[in-house]
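One chain, chain A, appears in both complexes that follow, with chain B as partner in the first and chain C in the second.
Up next is the complex of A and B:
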């Protein structure tokens, strides 16, 4: 396939994914509102425990006592990551449900090209949803404000974060082809990330979580994003973090590619490509 | 070899095993057992066998959806696995079952998507889709979501997808399965008149409908328990048992048919049990000669509902050659040692 034909296949996959996505409009409402509603009980729980929306103990660990803003930023970024992981990782599983997977595999287009189309479509939809969430949150009195000077480095960090996670999601898509299951794995992974990266709490509270969190790109991105948005810090070691994320992205993309190719071949050998 | 002389499809000694279960419960079943076929260009070839005979597995191997354990497959002289992109571009595939398309999209959107996977873009794609929508009578519903289509209409879209990229070799796996007679007739005519006669496409058609194979195919391969038993024209098959008759006995329950095989003159016996009724087919040179003894054996087994003596059809030839009725389910037929 030529580059033009590959680009056309990616575009066709994006159009298809977005058309099918919007044929169930309630999903958009769910992803836009649910993550915001979901964190509110934790905030109220925090207020009940601490007595206010500000905590001196929290400030000692993170530099800011505003744990509400800390959690909301974590919720937004993790929502970006998890919906991508879910969308891309589960996408080939959906194709097997629809009975279309075999026709994708039987075509001269590599299934990874289709997966790239799905990834870009997922990224576009998720970006719109998170932008909507960010707008809602910035209008509410949570102490979070977005300016162009803050948003640009944050966008760079989120983009780098997503590249790595999509590499991971591509490997995950290969696993779902093999194991025919996605829900349990996605939820398990979500809880692993919740535990070992500072989405809801500062990982410094525990030496093990602090150590493991350094292996997860989400940790590096969250630390920098919070420093920019919450602490208004200009010098956050942005380029060091960009370098770390780039290295992690390269490892995850290469690992994701080879894992997917190996698992796709195994399913063709086992005769389970179209099964679900 | 000159390109026009290269066969459209060469299948050589293909073996495909399926492994199921783990540890001590691990079982290996041989679904395709040394299949060999050659289809010259332009032939409409039938692969006929009961459910579970290995037809679909063989088609999936040819379509590169399954990697065989042994053997080679060549499409227009190119190895299907070493040169898979070349081969996939030249194969059109239609599998049985309604759920092979995006039901939330229209026929045109479905075809647009699959066209892109085959490198068709821009005006060439639009012209091709317009032509196929017109040809298959989908014009009025082309913008409706497929979830509103009947099974027959969905199969028309599947057929359009199979030929969207103008492939040289078309694999049709049970194309009329589950369709009402009107759509089944349309699909059969389209395959024979439009695709084979008019467009000269090479077609491999799998079916367990004898009439379909007889009506459409120039040559037919019998496949049973993963093995290709014979390849002949329908006329040759029928000539193979010219002096044979088929005694068909229908009776309630499931009688033991084994003693019938031992009767003098009986060549084959096949039994098919469905909805509480067993249909026994006894192949013999003169059915009348074995009739009374057969009834004597079966009387204790259940009430006899009907007896008929028939001239052999292609279905009976299949029974004669393989010892298996086409109505039988032969899946999980051949466990092999690991």
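Up next is the complex of A and C:
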């Protein structure tokens, strides 16, 4: 396929994915509101265990005792990870259920091109949702404010996080071709990220979670983003973290590509693509 | 009596005596339960994963508590409920709330799953009431949840040495049993709204999220805003969690044990009746509007 035809296929897939997304407008509303609502139990838990909205023990671990702001930033940034998992990683399984998987496989377009279209659509929708959440949160009294000086480096970190993570999600999409019943695995991965990256708690509290978290790009991105937004630290070793994220992105993209291609080839050869 | 097509007459269970009809319903519930187990065990790796999930799910909440307090014991929690051990407090809360998630997800998603498989019409044409189908689903999910709880508890006991009163186990399970009946009513509502809105996961997720906020899983009722405390009192999971912790680790509930049992019994009747009525209404509406097979 020529480059123009590939670009047209990506665009067509993007439009299709966004159309399906907006066929259920309530889903968009759900994703804008509920991730913020999910942090409320953490607020109440903090209030019950500490008795105030500030924790000295939490400050020793993170540099800030404002545990609510910590959780909110984690909730916003992790949206990119989870939308990638559900929207991209689980997408081919959905096509199987819709009965359209065979058409994708039979079309002259490589399934990877279709996945890129889905990835871009997912990234666009998630970015809009997170922007909406950030606006709402900055208006509420949680001690989080966004300025241009803060937002620009954060955007860079989020972009690097997304590139690497969508590479991982593409590999996962290949995995779903193999194992078929991927819904539960997506949930497990979601919880693995909650456990091994500082989305909801500082991973330094346990030696194992601290060690494993260093292998996950989300950890590096969250540490830097929180330092910029929450601690107002301009010098957070930004370029070091950018370098680490770039290296992880390269590994995840290359690894994701080869994993997907290998798994897709295997399922074609085994003749199990259309199986449920 | 009807003719089964082979020339033999068979009794229509829907118009037979009550014991016969109940036996027929029970066998349908059991068949649905077995079908779900067979489907689940078709993916053995996925089944194993589902047993590890609850542990991975629980740990961030426990670690978050430890990070906040700087250790295992919270003097503030003692002031509120009379117990300091946050690990036992949080673990018991999240272990039992698993039943709510199963009720919402397994039952809420059940009809959508059948639709995706292309078997919804066949299920609806079966000679049993539709609520029997969701009850079978519910039976499977309860049994599965017990297995998950077992793994969760074994892990927590091994790693954190959970401190509970073993004598409180039976009354705690009695309360959980009542809570499950009420949750079945909520699950019926979830299953039926799927027929109406199609994207059932969304309704399960939304209601599950709201219940997770108002149910005092990892905090006592007292820390919730007043309006949420009032909502929490209408939710069976509140009594299930509070009473279980009361029996197992001596949490002060703010009301007596008898009050808790009476309130859950009332909630059982209210939610089950409400669930059956909503299910019947929505079922009739989707049949009349011809949208049953819509996606």
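Keep in mind that, in the parts below, the second predicted complex is superposed on the first by the 276 of 276 C-alpha atoms of A that agree within 3 Å, B and C clash if a C-alpha of one lies under 4 Å from a C-alpha of the other, contacts with A are read in each partner's own complex, and residues count from 1 in each chain.
In the analysis below, contacts are C-beta pairs under 8 Å (C-beta built on N, C-alpha and C of every residue); 3 or more make two chains touch, one makes a residue touch a chain.
Computed from a prediction, not measured in an experiment: that's the story for all the values here.
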When chain B and chain C are modelled together on chain A, clash or fit: fit
Which of chain B and chain C A:50 touches, first, second, both or neither: second
Which superposed partner A:3 touches (first chain B, second chain C, both, neither): neither
Contacts of A:13 with chain B and chain C, given as first, second, both or neither: first
Angle at the Cα centre of chain A, taken between the Cα centres of chain B and chain C once the superposition is applied, in steps of 10 degrees: 80
Partner chain in contact with A:102 - chain B first, chain C second, else both or neither: first
Contact breadth on chain A, by residue count: chain C or chain B: C
Which of chain B and chain C A:148 touches, first, second, both or neither: neither
Touching partner for A:270 - first (chain B), second (chain C), both, neither: first
Partner chain(s) touched by A:195 [first = chain B, second = chain C, both, neither]: second
First (chain B), second (chain C), both or neither touched by A:139: neither
After superposition on chain A, the shortest CA separation from chain B to chain C (Å): 7
Overlap of the chain B and chain C footprints on chain A, listed as residue numbers: none
Parts of chain B lying in touch with chain A, wherever the complex brings them together: 16, 18-19, 31, 57, 60, 63-67, 85, 88-89, 91, 93, 95, 97-105, 109, 112-119, 121, 145, 161
Footprint of chain C on chain A - complex, ascending: 24, 26-27, 30, 34, 37-38, 40-42, 44-51, 55-58, 60-61, 67, 97, 179-181, 184-185, 187-188, 191-192, 194-195, 199-203, 205-206, 209
For the chain C and chain A complex, residues of the former touching the latter: 43, 45-46, 49-50, 52-53, 56-57, 59-61, 63-71, 74, 76-77, 79-80, 86, 90, 116, 197, 199, 202, 205-206, 209-210, 212-213, 217-220, 222-224
Contacting residues of chain A [partner chain B, same complex]: 1-2, 4-5, 8-9, 11-13, 15-16, 19-20, 23, 98-100, 102-109, 114, 265, 268-271, 273-274
